[in-house]
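Down below are the structures I want you to see.
In the two assemblies presented below, subunit A is common to both, partnered first by subunit B and then by subunit C.
Right after this comes the complex of A and B.
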């Protein structure tokens, strides 16, 4: 038997491709042929999930609750009451912050009643003038980091106010200020729990894997079912989405704390609690801060997506602008989101890095300079906004709040730019667009859809077998089998084709740009900064310029996906190539290699495992973006997830569809990780 | 493995270990019970450290010296055996008692420093005091004293990453001394440093011990470092203490072949004292006028002794004659084929 299995991996692979092609041509495409398409055995799964959710929400474990409006007891389900209570407390926090920033009556209502507020005119919380909020945050930036951060904060707040986006920006901020800390604390708590107990870690690992490959949209549906619609639902969806990376990074950070630091902690007589708060968490700070950064990014990325289930703010406006194809406005809103993300990120970083001086030999004023400054700026800005009442006529006090339609806007400029481009480049772009669709995308799509399901299984499980043996083959096969048994196999194939196309192009771009930039340290640093900056942008932002160029087509989506997914490919290529040990470089130089040989024979093989991890990221990024692309009209799984959003019984469909996407991601993730790990082991890393 | 305790140290031992076993892995206890000594265990038979004494545990990597130190500081739990600290059974202590013991009696210096990267020099040194719950002002003042003691004045607000290796280890030393511990553990404290810095830190260490007078357990893989610093050296191999003795005795009377190999390359004249090779018998009529101190290193007085035709008197700290030495003894020690067999003072 053993001679049937060829020794070399390449021979195995060639054999696999031959078998695959034979199967492709041999199997007749017909609805009844099981080898062509598996029967949808799981077609009833969404319905079952719907039934389960309904039972949980409305029937399971009935409890008596008092209804203050009707003034009587009524029966309700336990889960429903729990989620209701949770929603209310989150909503209360969001509205408290919103009232402080923008004024309003919601908090007062929470303590009294609507009647009370209606009767008393004074019962309104006054909004803080934007000048005050801006001034206060500038002082905060200065106190934490100095002039640079103060300037950045000033710029950001001024931009938001002057462009008339203050109100939506503060609405977004109010739910980010709730979602981000909750996610961070939750993530740190669970990460620490996983560090302390192996059982917790084993349970959490697969959950995290699925959670991080599920597309954003699929979170929205269960949240909607259990928590309803509104700002709180947006915040909850954001928390669910932003917590997994925090857990992962906390765990990673804690595991990387050097053993001697922990030993030093115990020798200094730390109790368990002191060990955790004074030694472990602060020492793991670097990774935890990266986690915090990711949480903030996720929160703002979710700002747009959360608006699907009723979160107000910049995201909602951006969505509207995109739907109306108002590119200029979308761009301005996008910049607002990016600015908030950057400022929050830098402020939290500076806060975590602050330092105390224990022997200050300073006057009262120097010691309390920031408090004094804060009060002074607060008072001054308050005064300014009162003076504004006298200065500005026409009922608008520009020092208090610049209304939405009264700000500066660059929209006409961008619109004319778009018009100009359409006018001048239309034929060129259109020709490129048609070429791409007709000559590349359509044939590729047909090829993907023309694969019999059995052939796909043979190919994918075969690759799994070649890379990781029987175990990998079974794991990957299991993921695929789930998708094959749902009724969305064809849709999944379309998702797979778009993702594959994007990943191939991104990987080529990433490798080439990354390799070129890695040649000099200056270029590497520059490109890493560019990657950092681009990664700050929420994924939606990428859709703006491509729609500007190509309108609403598959090409736009693919271009956005490619740009978005190229970032990790470049980053990991540069990092991998730059981390080749100097001694090896020297050894190569002394062997007399030329530039090309160095790249092919030394740098690429050594950087390969790291580059593979980048490719993995590229796949996940591309999958996410393809699904988001459904927003502007593609016909893959994403579109169905969007449909499920507006469906009353969407939870089952949404979850199963989300799992399909997650399983595509996980299958690829498994293959790449196994491969990279093997390569690493061979290289002794 | 016999242990000779000289008269001046006949007080109660501070650290006393007997038949300590450490087996790694799961079910360690069961394995040890079944094994009859066949498992790959780290075994420490007897180890005693007296008050105000530098006991250096020397061994190559994998010999179990660090494991021994970790068992005695209970960073790892020994699988079997007795470890007594000031007569108290360390292994029987509850977690809270252990914390109390470490907060008040023990200090430890680590090979790669083990400094907290997010704290400044001052905060690192004050850390054990803050953990104990001392008020910030007090602990910072004490930490400032420690900064002075280890000569880091002016760098108290630096972060560990901004310091050189030697400076970082000074911080580690200062931190371990901040609570004024009785017992001071040092786990290869200078191994990560350059040779020149290492020499400097060894001098610093001896200076500190001259002032502070601690009971010290010092782990190293460097035999010459052990000779320089130790009052007693314990040489370990495969988890067993091969010999525990005064440095001079280890050189002059290696107990096993393994120990002898270490001593081969050692320049005796630079390590041994006159006292360790002198004859205890004194015949006053045959002595020359020259007097040499008992604890003088041979190299420093060899030239003077070699120019004397007669025997030279050896005196102790008070100037009383305790023995004699002849030039031929020094010549045979320096150039003799076999190590000189001499009695130990």
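Right after this comes the complex of A and C.
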């Protein structure tokens, strides 16, 4: 057998393509031909999952629950009561923070009852004026990091308040302030557990893989059925999405702790506990902090999607604005989300990085300066907002809260910008749009759909074999087999076609822009900030302008996908190129290379493994955005995931479709990772 | 186990009644949860109905929810009511939830709805396709409605497939128009509005799915006149699909416990019946006068006491 396989990788690859093409032409497309399409053996799977979930939720282990309103007993299920109890406790925490920031009665109700609140007019928690909240956060920024952070916080809070978005912003903040810490703690806990026990790690790994590649829409329905709708459901969906990177980075950080450090800890007689808290976690701090940063970014990236299942705040208002085609307003809301993300991220970083001064010998005032400052600002701002009552007439106290419709807005500017774009560019773009659709997209889609399933398997498993041997071939084949056995293989092919196109274009853009920006350190830093911003900026906003310019077509979807998926391609290119060691650069300069040679012969080869990991991220981002692109109108898996929201078998359909998307992502992920690891080993990295 | 939980529950309920002891048959003070979706008239009406409940002394809470998923939430008791159940878009989700139990039909609004394919007013005014809105006219001008990806045919931009499945492609086939027209499914209502807005800019022909009452009524939208609907004309009911949409209902739905926990509020809710004019007014306050949804609801409530007061009596 082995003499049939050529030695060189190139020859192997050519042989593979020849076999693939032969199969494509040889196999007859017909419904009954097993080589053309596999039978849908897993067609019953969604129904089974659904049945299981509903049984768990409504029938298994019935308990009698007293309903004080109806004054009678009802039969409920144990799991349902447990999950609802959990929901209530999360909701309580969110509402506590919300009452502090915005005022309300929910917390008081939690300790008394609605009747009590109805009877006593005074039983209302007053809202903190926006001046107080922003004053307090500015002091916090100053205390943690100094003037720079204080200024950033001031600008961000002022922007939010002046643009009249204070209320929704605080609503979003209140659920992020629960979701983010829970995700961090959960992530650190599970990460540590995985570090300590190999079994836990083996169990967690595949779960993490799936959780990070599964589109968010597919677990909205399960979350809603198990936990209900509301801010708590939004928070739980966010936690599911934001915890995996934290687990991964905690585990990575702990694994990187040098053995010498651990030994030093043991020699000093650390207990298990001390070892963890005093030695391991502080040493692994850098990676854990990157994890925290990721958690905060992910939490705010979920702000819009969480509003599909009841999270109030900026995300919901953004969807509302988009439905009215008020792009300017949506943009302002999107910027609020980015600002909250940036401020929270910087504050948490500064908090984690703060230094303890072990030899303080200071006066009372020096020691407590920040507390004093905090109290002073608190009091001053409170006073200011009271004075506001006297200054402003018309019932609106601008120092207390700037209502939504009283804030300034740049909406007319953006709106006229969009109108101008559509009026002036539409016709010019139509020619491009027609060519692209007729000459590129349609043929590509037909080609993808015209692949017999057996040929696809040969191609993908063959690539797996060439890259990583038999093991990779089997793994990748396994992922595909699952999709092939569902009834959605054709849908998956369309998803694959859109993702492939978007990834190719994004990768080219990413490489070019990334390489150009990596030339100077200033440009690199600037582009990385742009990447950070765009990553948190809600991608939903792109959907409307692209439809206006390109209609409800695949072009629109792909354009939105490309904008989003180029971000990681740029980021990893810049990071990869910037991390080429200076000594190698010097050696190259001594050999007299020119700029182009340096890029082609030195920088690119060395940065390539890192850039490939960026490509991996590009694939995941593209898959996510293709699914969101279903809101424009596609025929792929995403459309079916959206449809699952109203299906009878919603839970099962959503999850199985989500798994299909996840498995496409994981197959690519496996191939790229295996390849990059080999390359890294060759380069000695 | 059962006995133990029962005992705990009894103890808890005793302690609860000791504190609050609600009078029989009065509405519970627990908040009524009203869902808000992503279009103006629905959100304003949510605040209007909330305002009506509050005027009766009830507590109200609003929660954003997905338009399709909300029925599952009502069934589970996480949301109490839904006040805009559109026949053709949400009928399937509503009845699916009803089949599983837990959701009840709380009456119908006076507003008759129509959900149908149509064209913006200027398509008629500019005479882009002579003979519209009669459907027969479509046969003569597919090229007016062609797009890059429609393969030379005219395009019908239909709502997401989850709204009415394959009804529109089946209708095209039934009418014998399928060699001249194709159906493209948009992914969301937003996509429909964006396409209409973009088409308006250079007054190009476009056929989209739309409904009335809707904010597009203000700028003018003309529904195509298809052969009249009759029972059994759709493919699913054994016909050939060659008929238009029926005049649809706009229903209200509620969790099954709502009549028991809030009898007075439920009675009012079941009486609530808004007309197309009412709904149009509510939407216009936001879409045209650019008020916030809450302010719009307050303004509407204070201006139209004669409409809603009778519901509460």
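Assume the second predicted complex is superposed on the first by the 602 of 685 C-alpha atoms of A that agree within 3 Å, B and C clash if a C-alpha of one lies under 4 Å from a C-alpha of the other, contacts with A are read in each partner's own complex, and residues count from 1 in each chain.
Basically, a contact is a pair of C-beta atoms (placed from the backbone, for glycine too) under 8 Å apart; a residue touches a chain by one contact, two chains touch by 3 or more.
Keep in mind that what you see is a predicted model, and the values were worked out from it rather than measured.
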Partner chain in contact with A:258 - subunit B first, subunit C second, else both or neither: first
First, second, both or neither for A:66, with subunit B first and subunit C second: second
Subunit A residues touched by each partner, larger count belonging to subunit B or subunit C: C
Partner chain(s) touched by A:325 [first = subunit B, second = subunit C, both, neither]: second
Partner chain(s) touched by A:198 [first = subunit B, second = subunit C, both, neither]: neither
First, second, both or neither for A:390, with subunit B first and subunit C second: neither
Touching partner for A:270 - first (subunit B), second (subunit C), both, neither: first
First (subunit B), second (subunit C), both or neither touched by A:230: second
Overlap of subunit C and subunit B interfaces on subunit A (superposed complexes): none
Complex contact set, residues of subunit A against subunit B: 258, 260-261, 263-264, 266-271, 274, 278-279, 282-283, 285, 355-359
For the subunit A and subunit C complex, residues of the former touching the latter: 63-71, 73, 112-118, 220-221, 224-225, 228-230, 307-312, 316, 319-320, 322-325, 403-405, 419, 422-423, 426-427, 430, 433-434, 437-438, 441-442, 543-544, 547-549, 551-555, 629-635, 639, 642-643, 645-648, 650
Of all residues in subunit C, those that touch subunit A in their complex: 1-2, 5-6, 9-10, 12-13, 16-17, 19-20, 22, 28-31, 35-36, 38-40, 43, 57, 59, 62-66, 68-70, 72-73, 76, 78-79, 90, 92-93, 96, 99, 147-149, 157, 160-162, 184-191, 193-195, 197-198, 201-202, 215, 257, 260-261, 286-287, 290-292, 295
Interface residues, subunit B side, partner subunit A - complex: 70, 73, 75, 99-100, 102-104, 106-108, 110-120, 122-123, 127-128, 130-132, 136, 140, 144, 157, 172, 175-176, 179, 185
